[in-house]
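Once you scroll down, you'll see the structures, which are given as structure tokens.
Each of the two complexes below includes chain A, the first together with chain B, the second together with chain C.
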Partner chain A sequence: MIDFGFSVSPSSRINLDSVDRESFAALAKLEPDVLKCMACGSCSASCTASQFEPTSVRRAILSLQNGQVEQALDLLKGCMMCGKCTMVCPRGINTRHLIISIQKIYGK
Partner chain B sequence: MKNNILVIGGGPAGLEASANLKRLGYNVILIEKDKQLGGHLAKWDRLFPDGVSARQTLNALLEEVSGVNCFTETQLQSINVLDKSYNAILSNGITVLADAVLLASGFDLFKAEKKEEYGYGIYEGVITNADLEEAFREKKLPSKQPQAIGFVHCVGSRDEKAGNPACSKVCCATAVKQACEVKEVYPDADVYCFYMDLRMFGRHYEDLYLKAQKEFGIRFIRGRVSEVAETADGRLQVKAEDTLSSKPLRVSLDMLVLMAGMRPSESGKTVGRQLNLTTEEDGFFSSADNLLEIQRSKLPGFFYAGACTGAKTLPDTLHEARSAAIEIDRYIKEKFSEK
Partner chain C sequence: MISILISAVQPVTPEGIIDRYPNSYNHFVLPFVIGISFILVYLLIGLIRVLYHLTGEDRIKLLKSLFIPKTALKNLKDLFCDCLLHTKIWKRKPLLGYMHSAIALGWFLLIIVGHLEVYIFAPRHLEGITEGSLYYPIFYRFFIWINPAHETLRGTVFFFIMDLLLLYVLSGIGLAMFKRVRSIALGMRHTTKPSLADRVALYCLWAIFPLRLLAESFTADLSGGSFLTKPMNWMFKAFFGNELNFMPTWWAYSICLGLFFLAMPFSRYMHILTEPLLILMRNAGLKVRKPRKGFAEAEIYACSSCGLCIDACPMNSQKKNLKYSSVYFIRFLRRHNNRRINEIADKCLMCGKCAAICPVGVNSPEIRRVQRETLNNSINYDYSYLDSIAQTAKPENAEASAEGKVLYFAGCMSHLTPKIIKSVESLMKASGTEWEFLDKDKGICCGRPQMLAGKTQAARKAIQANKALIEASGCKTLLLSCPICLKVFKEEYGLKGIEILHYTQFIDRLAKEGKITLEKGTEAIVYHDPCELGRGCGIYNEPRNVLSAVGDLKKAPKERDESVCCGYSLGSMTLDEKDRAKIAEHSVDNLMAANPDCIVTACPMCYRAIRSKSPVPVKDFAEAVVENIKPSKTKK
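Showing the complex of A and B:
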């Protein structure tokens, strides 16, 4: 095939019809507080790792809800488990533990 | 001699004010254009924030007005300002010489079909908050289990194009309440709320939001629904932006509930025209002062209570009704005490 120098980029549109609901339900069972996130961004703002690599618990939760698992894992791979995010979360979510649970359920 | 007070509108505001005026010793004449008293409260099923029965709440208000002269299916034919009082001719032929008038004409629900892109009146699965209340009240929810249900906040509110830049105040709490209620009926359905800001300002409202997330797993998506279309298999396809991730989003739903907002009552406007009452930019009546004299109009002896001066919750409405009764009492005492 002739290479024209183009590539097809995957649609960035979120399609909620094709979200893997079972894995998220399993996560919510293990970590019910994940449902309480109100997207305030305190976790991301205080994250130590985010200075070096894009890291955000808020966006990771949102990505899982939107079915973007790769992106969620990418947003947590720089995490150093310092636990600062847990200290600041106003909804009292144990985000540090949540990160471990996300790895357990979605990590390969 | 007892002074006559005319109350226009038999919704929660008119009922509560009438009961209080009667207690203060006035002769109250309450007129309501519809067949029944109760206004919008008669149309709701359960009330936020605690889920109490709207019917029981209304019955408690109705009990209080026993002894008040209530005329249903009655409107104002004409009204004249006299030296000290008002001469009102009612559509049932009765003439009332009133020393003070209270307007409690409430609101009309925004006509959701005006937001054509949401498909109300076009697609069967698209209903309004009021339709859903009726379905709960009459126990007429679709028996076929929907897979996915969406709630659209701010329909006809915070929308200059729809002619209403104001927030309707009650619809965030209503959406969250109704989302929990449908999830109770259809536990397997995915339920989404499409919001721009969640205005959960009242006591216990934030608890309701937390409960919706934690107990019912309602998914809150920050973004306004831009359009609704039908899929090949007859479901509803909804497009919005998930503004928290800056990505366009789409989802197929079986039911879409539009949170239609509150607009000034058309029949209230008719009264307003008869007396040249002024309104603010939002179309609701203007009080003499928005901080100190909310219940007073600019006309001496003419008062307001409830949603005729802007969107209000039921407790807000009832507070206003009680303060209107106190204000009217003060006005009458100042104006009619013999000196």
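Showing the complex of A and C:
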């Protein structure tokens, strides 16, 4: 292979047809607050775990909506459940239960 | 009188006391005998079940505790105060306390004095099952014939005592019936809905004592009686003429007793028999390991389903949450209704008020935590980033000078309220304390939130990392401003040689040692007891000592172990924002009843919650103190 000095980056295309919508519906039933998120990022800004490891509820919700389950779980696995995100959330989302619910439904 | 009683203890068979039935048996005792045999067998099997499910270690602990004098003494005291006198109910609701001890203590004494009577006048019948020892003392008045001409003073004393006790019990039963109609009169806004078995047992219990009175009245001219039974006997004779009425009443009395015992294991009344076991196990220091087995099972069956926890629960400021009370949680655990169990377990705020006021002392929040553990402990997590921290922190690297320093751990929640940290900083400066800031940046969570969510394994990881950091610092005093952290540091960390202090304790100490001088302001202050600090760690007095030196400390209607949770506790998993806000309002209402100029609390979470609802300024404890330190000292 000739080195051209650049490479083709993997496709970042999301096929929404193949997204697991049932799991998301189940999640929304278990914790309806997931639909309330307006992606302000307060949770990520206050996160204790994000000082060590990329952790963000905002991005996890976004990833789930895009069907990127692995990425979402990666963003939550370092969570320490401290509840700061719940306290700062302007929408009053019950983030701790949301995180646990995501891990229960998607994580196998 | 006393000498008569003492001399009465020696068994004698005086003349004029003879068995009316030669073999001391009549068919009517059968229902009672069946009932009591059933309950005894059930109790034995239950005891074996509970002990079988304990871990070996716990069993040995329980056995050993029975022989440690201090624990044994506490056992005796608790058995007497909790099972018989019910001091806990008396203290909170005197009328309810009277009702319960009238029934429980009265019945207990009836049984004891009844047996004593048999032991003195017909000792033969206590010698064995074949002599009727199972039922004879209960139906003594039926089987005996006492010649009125030979009635002794000693006998009369017993007749009087028995009638008095019966009256005592009947007064309790009367109150209990009234409570069913109007519970608020006895201090309970809500009571539990009885289940079917509860109802059967309840109605039997109500019937037992009036029937006993009737039965003993019918036979009072044969077997003796006193101020209650004798006049009733004369009255009945005047009305009914013959003496054959007594057979149906004795039958009814026996059937009610039998039915009560048959329904007992399936009803709330199982608490009568389980509470002594629970007291022994609790004093032995056992912990809940499984949500439905072993120690937890003893707690579940010891629950009297009285419903005092319903009024106590902060969630129940809204009526729709009544169904999440501890009493129903325990009921569903008993019935193995898993869906409802998990629903309730996740809802609870874990404020611990139900456990604090429970007359039996059932620690249901702990059972809920273990129940959450069964679902959430296995959830994936990855705290590998903590490993490197734990490894690099080494006690050898600690400076020698660190020993006298105070190590401050703010915790996640204090970092959300920088005011608290700033106040602690200026306090350290004012008092001239040397200190280190453990989690100035990159702080690790204390582990309590994971524990509360049932992720115990994950919590252990966080605890391990923090412990390594604390030990590596070399400091011998750990200062915390968050009660949530305090509880887990005290209970789970096992920090040897390091004193763990909440800042309320620390400031109280500084003030007592004269390192800071407080100026008394004119502000009316009301103090909110955070759940984890008060009920969780038992710290009530230190903050009050300091605050009464800072301002005019007022009393909230519900304070100390009755304080109302702010609603934002990390304990609840599923309670939503709206419900939490309602609870916060309710909590603030309780504090505002004292009409204060400002509210002070000692928990960053309560601070945020109360601030959002309070009409008056809310201050953190450290903040209130720093504002009132005498400036002359500050300059030093």
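Observations on the model:
Just so we're on the same page, the second predicted complex is superposed on the first by the 98 of 108 C-alpha atoms of A that agree within 3 Å, B and C clash if a C-alpha of one lies under 4 Å from a C-alpha of the other, contacts with A are read in each partner's own complex, and residues count from 1 in each chain.
The rule is short, and it goes like this: a contact is a pair of C-beta atoms (placed from the backbone, for glycine too) under 8 Å apart; a residue touches a chain by one contact, two chains touch by 3 or more.
Everything quoted here is computed from the prediction, not taken from an experiment.
Once the complexes are laid over each other on chain A, chain B and chain C both fit without any clash.
Look at A:C40: by the touch rule set out above, it reaches neither chain B nor chain C. Touch counts on chain A: comparing chain C and chain B, the chain ahead is C.
In the superposed pair of complexes, A:K104 makes contact with chain C only, with no contact to chain B. Of the two partner chains, chain C is the only one that A:F52 touches; chain B does not reach it.
By the touch criterion stated above, A:N94 is placed in contact with chain C alone, chain B being left untouched. In the superposition on chain A, A:K84 makes contact with chain C only, not with chain B.
Taken over all C-alpha pairs, chain B and chain C come no nearer than 14 Å in the superposed arrangement.
According to the touch criterion, the shared surface of chain A, contacted by chain B in one complex and chain C in the other, consists of residues 33. The residues of chain B lying in touch with chain A in their complex are 190, 192, 209-210, 213-214, 217, 219, 222, 242, 244-245, 247-252. Those residues of chain C that touch chain A in the shared complex are 346, 375-376, 379-383, 385-386, 412-413, 415-416, 441-445, 449-450, 452-453, 455, 458, 462, 568, 570, 573-578, 605, 608. Interface residues of chain A, counted against chain C in their complex, comprise 31, 33, 46, 48-49, 51-53, 73, 77-84, 87-88, 92-94, 96-97, 100, 103-104, 107. Residue ranges on chain A touching chain B, taken from their complex, read 12-17, 21, 28, 32-33, 35-39, 58-59, 62-63, 65-66, 91.
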